[in-house]
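Multiple structures follow.
Two complexes are shown next, each including chain A; its partner changes from chain B in the first to chain C in the second.
Let's look at the complex of A and B:
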């Protein structure tokens, strides 16, 4: 343990730093707060000018998000049964009736399947590749690593047309598998590079000890390397998931129905006489939740350097 | 419990030979200490025997069979590393049980429990069994690491400076303990150290390595009393052997370039005068730093000596060692 001292920042410095952080948080969180607020506004409030900060909250946006509705024909107004639940009541108040569920649930599920599927695949392949690059004598290792990185040197959308044609020929257009493969292809270079850095930090003596203790190379990898790489795997998974979850351009281009994810779907939510902003905001708000939950769950891993301290110095 | 034999083993890293045409037989049940400075090939030798490195040429035999084609697991050796010894994500108990749970041994749970308990007892870490490995002090980590080797009763123990990070008292205790365990089990043990006391007290044989070559192999006393070169002579002895021009004390054997004088080879009271430069009182012994015709000389004096810097004392060699200009022993 080497002795060093850290000078405690002065009160003024702390105050200054705190102010900067607060301003930054305000700037970045304001749009988010506005979206969440909008999701609880009525359509009229959502487009009011000047914008309304104080308003009567309603879940109309959420109800509209999950339903398809139609205007009640004049001759049926009296023959309708009374509203069965609060959602129906809200719709009736607009002079409409619910005709069925919207496609938001299905699109959201597509996002979950594709986002988590591609994250899992990226991490699975990335960890194995990173381990091999870190531990074995791979011919042309540096060139291969550069090649892997070079796939990220242009924006992925630059190759949209070749990918579109390729997907059409292979029958991958508008399939879950196609989108999982595409996002994995984009994420894997990030995963290999990040994970190689983490695995490089794990001393190989641990695996060698496991080899001598009677384990095979793969068992040593699984039982000794993987638990210690958990921190790196968690943070890499967050990056991969955020990309796949939020990706818009390819999703617009390559999916239309079966495998369409939520990002291209949300802006298409149309209400009566124009865009239904509260419903769009509700869709966006709900769409934020899984990534936030995933990040918060893995945050513990991000902060904990589990290998620190085990090394005899 | 097995004999280990290296036959013309060479291992190169790039252009440097870490181990160079090494042949050595480690008898069944022997406690062999490898001595040599950093880079002499001690650790590489252990790694070759363990199977963590493959030799470029030569063959390695354990209990008479060539093990080149075997994995480390199949060789049934246990190794204590100098560093990074414990699995940081496991508790002490899990660390100790790890080798027993391997697919090769696949020990029954009750037996694991018993073995772990026994070893923890011997190494005095029973009270730490449920701690995370990272929550131990350096000395405790190293004891667990030794314990992980002991739980298995392997054919051969390989230890790479296992006691170097421990404090003096614990090191002395574990030295005795290791020696006792080794002779109780009758296992073959190959041990790398820089510590002379460890080498002299524990080893049945000492191998001295110099840049990948095994330069001398023998009992600790042979190595100490009958070194084959200056290099070997300087490996053992505290204070180190003094090397001076051969003719400093009068006629030397033909071809001798250097005279080697261990502190006990210097007789005080007659001979050539030397001036006292420094006197170090170490308690049980007193070291005299002398200057003799411009050459530094370290010897021992009576613990209660009254000599002081500036005094003059006459010295003459007694049973000295002579070396030629290449450092090889000639007399």
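Let's look at the complex of A and C:
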């Protein structure tokens, strides 16, 4: 801002406000920093009292996260072949040997498949519907839009009962397809509302020019509107992906093995004798990192996304 | 909406020619585009809802599909609404709802107001502060049980460090009455940024000239705050409360991983109770009625609230 303004806060005010907000940021990020720190601790360090801020970092938590292990009696250690890699060495140092991969990798992959699958489908269906709502006189438009939004007010557990029964009779229980369809249905409300807002902002004149040039409606839609809406579509997609990635209630009730995603799995990670907190923290860290990256990418559209497009900056 | 040139040309073109020239009619395209989304919602949302309503009048149990299903009329509803436990859960839910909203509005608004002082780096710090709300509630909630451990947890250690109360003398998630506050703390930690972001948008929407005019009229800063800032942010704040209110009424993931409803029934929110009835006790008919009651409650409260919100906006 140039020149003198009576509404511009004074330097002292700015300094004071900045300090308070920085303190809040530090306190609020401490639990997240603690997750990352714990993932690099040894199990003993992770449960030390007072809590250890300075510790010897180790990747034991990550190794434990990805493997299953069994304890070997001390007298048999010598008869084993020497450890083949660093992971095996770490496990051997705990007096154990690797017996195979854990299920974390598979659960993480399920999250990726279901997350991307449902995002793709919600964006595909959502863009079509949003375009129609934005450009055409759809009968009962407001009622339909409200109906789409109201599906979000249902407590997930309430819908889960009949969906559980429905999936059971259709053979969709614990399948990727079932979860993709379910998350798509949940995300479609967000996709339609957000995308309608983005498409509303594209001037109609562009398409009209294209139509006069002899394009069909369909061509105008995908050659003119879609490229214009690309940013909006991308940010909507990230919001859908984050929702599917984080979802827990449906996942825990409707999946148990084949299609189980990471959120219901991570809390069940246990080590030998009690919860293996470094492994849990390692699982959490790897799972949370993509969302942190996406949040940074999304920061300009964050407000719009979390309010279903009700508030635009 | 004024008719554009293309609409008038379209209206004047005979349907047969129009189809040959431009492919499908606009109306057909509109339906073609909207139908798949609506169909999916009908199949995965509305059909199950109707099914729930039907089940709510029966004694069906999903784990015993072969048992004869009896029609019990309104008995499920009657039993739920006259059950003292239901009302105890409603009170637990209300406690959670009221206090989380109170703290989130208080802290969220204060933060937004401070960030709106436009100090250097306010964009960066805003991005950092919003992190907790973007993360998986289940994964984060699970980790908070570690932070809350009485012997080894960070929270108890911090309390001992600041107040001198021994860390092992209390348990935030165990018996002793702290659990209902423990879930309020975690929810507030997680969702305060949500309220903050919306308030910030509200504060930024107030044009400078209003304050300049008030300055010229010699209104005190205090008076400017109560007669300009608050009324103009209010619609935004109310919207934030609406979103958080609906979400926290349905709250499941964060709290079920923190306490599972315990100790005892101390943090048994409505959704967690519903999960126990439906998927642990397998009283499908009973829990369907419960689900309908909860849905009607959310829907009813939200509709009344939206009316109030629209009144505030009109002022």
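As a convention for this text, the second predicted complex is superposed on the first by the 269 of 313 C-alpha atoms of A that agree within 3 Å, B and C clash if a C-alpha of one lies under 4 Å from a C-alpha of the other, contacts with A are read in each partner's own complex, and residues count from 1 in each chain.
Criterion: contacts are C-beta pairs under 8 Å (C-beta built on N, C-alpha and C of every residue); 3 or more make two chains touch, one makes a residue touch a chain.
From a predicted model like this one, the values you see are computed outputs, not experimental measurements.
In the superposition on chain A, A:238 makes contact with neither chain B nor chain C.
In the superposed model, A:63 makes contact with neither chain B nor chain C. Measured by the number of chain A residues touched, the leading partner among chain B and chain C is C.
Shared-chain residue A:163: touches chain C; no touch with chain B. In the superposition on chain A, A:48 makes contact with chain C only, while chain B stays out of contact range.
When both complexes are overlaid on chain A, the residue A:211 reaches chain B and chain C alike. In the superposition on chain A, A:145 contacts neither chain B nor chain C.
Looking at the shared chain after the overlay, A:203 reaches chain B, while chain C stays out of its contact range.
Across the two superposed structures, the residue set of chain A contacted by chain B and also by chain C is 208, 211-212, 216, 306-307, 310-311, 313. On chain C, the positions that touch chain A within their shared complex are 4-6, 22-24, 26-27, 29-34, 36-38, 40-41, 43-49, 51-52, 55, 62, 111, 114-115, 117-123, 125-140, 142-144, 146-147, 151-154, 157, 167, 189, 192, 194, 197-198, 200-201, 204, 208, 211-212, 215, 236, 239, 243, 246, 249-250, 252-253, 257, 270-271, 274-275, 278-279, 284, 287-288, 291-292, 294-295, 298-299, 302.
Residues 203, 205-206, 208-216, 219, 224, 227-228, 306-313 of chain A touch chain B in their complex. Partner chain C is touched in their complex by these residues of chain A: 5-9, 13-18, 20-22, 24-25, 28-32, 34-35, 38, 47-51, 125-126, 128-129, 131-133, 136-138, 144, 147-148, 150-166, 181-182, 184-185, 188-189, 192, 204, 208, 211-212, 216-218, 242, 245-246, 248-249, 252-253, 262-264, 266-267, 275, 277, 280-281, 283-284, 287-288, 291-292, 294-296, 299, 302-303, 306-307, 310-311, 313.
The part of chain B that touches chain A in the complex is made up of residues 50-52, 71-73, 77-79, 81, 83-89, 98-99, 102-105, 133-135, 138, 141-142, 148, 152, 165.
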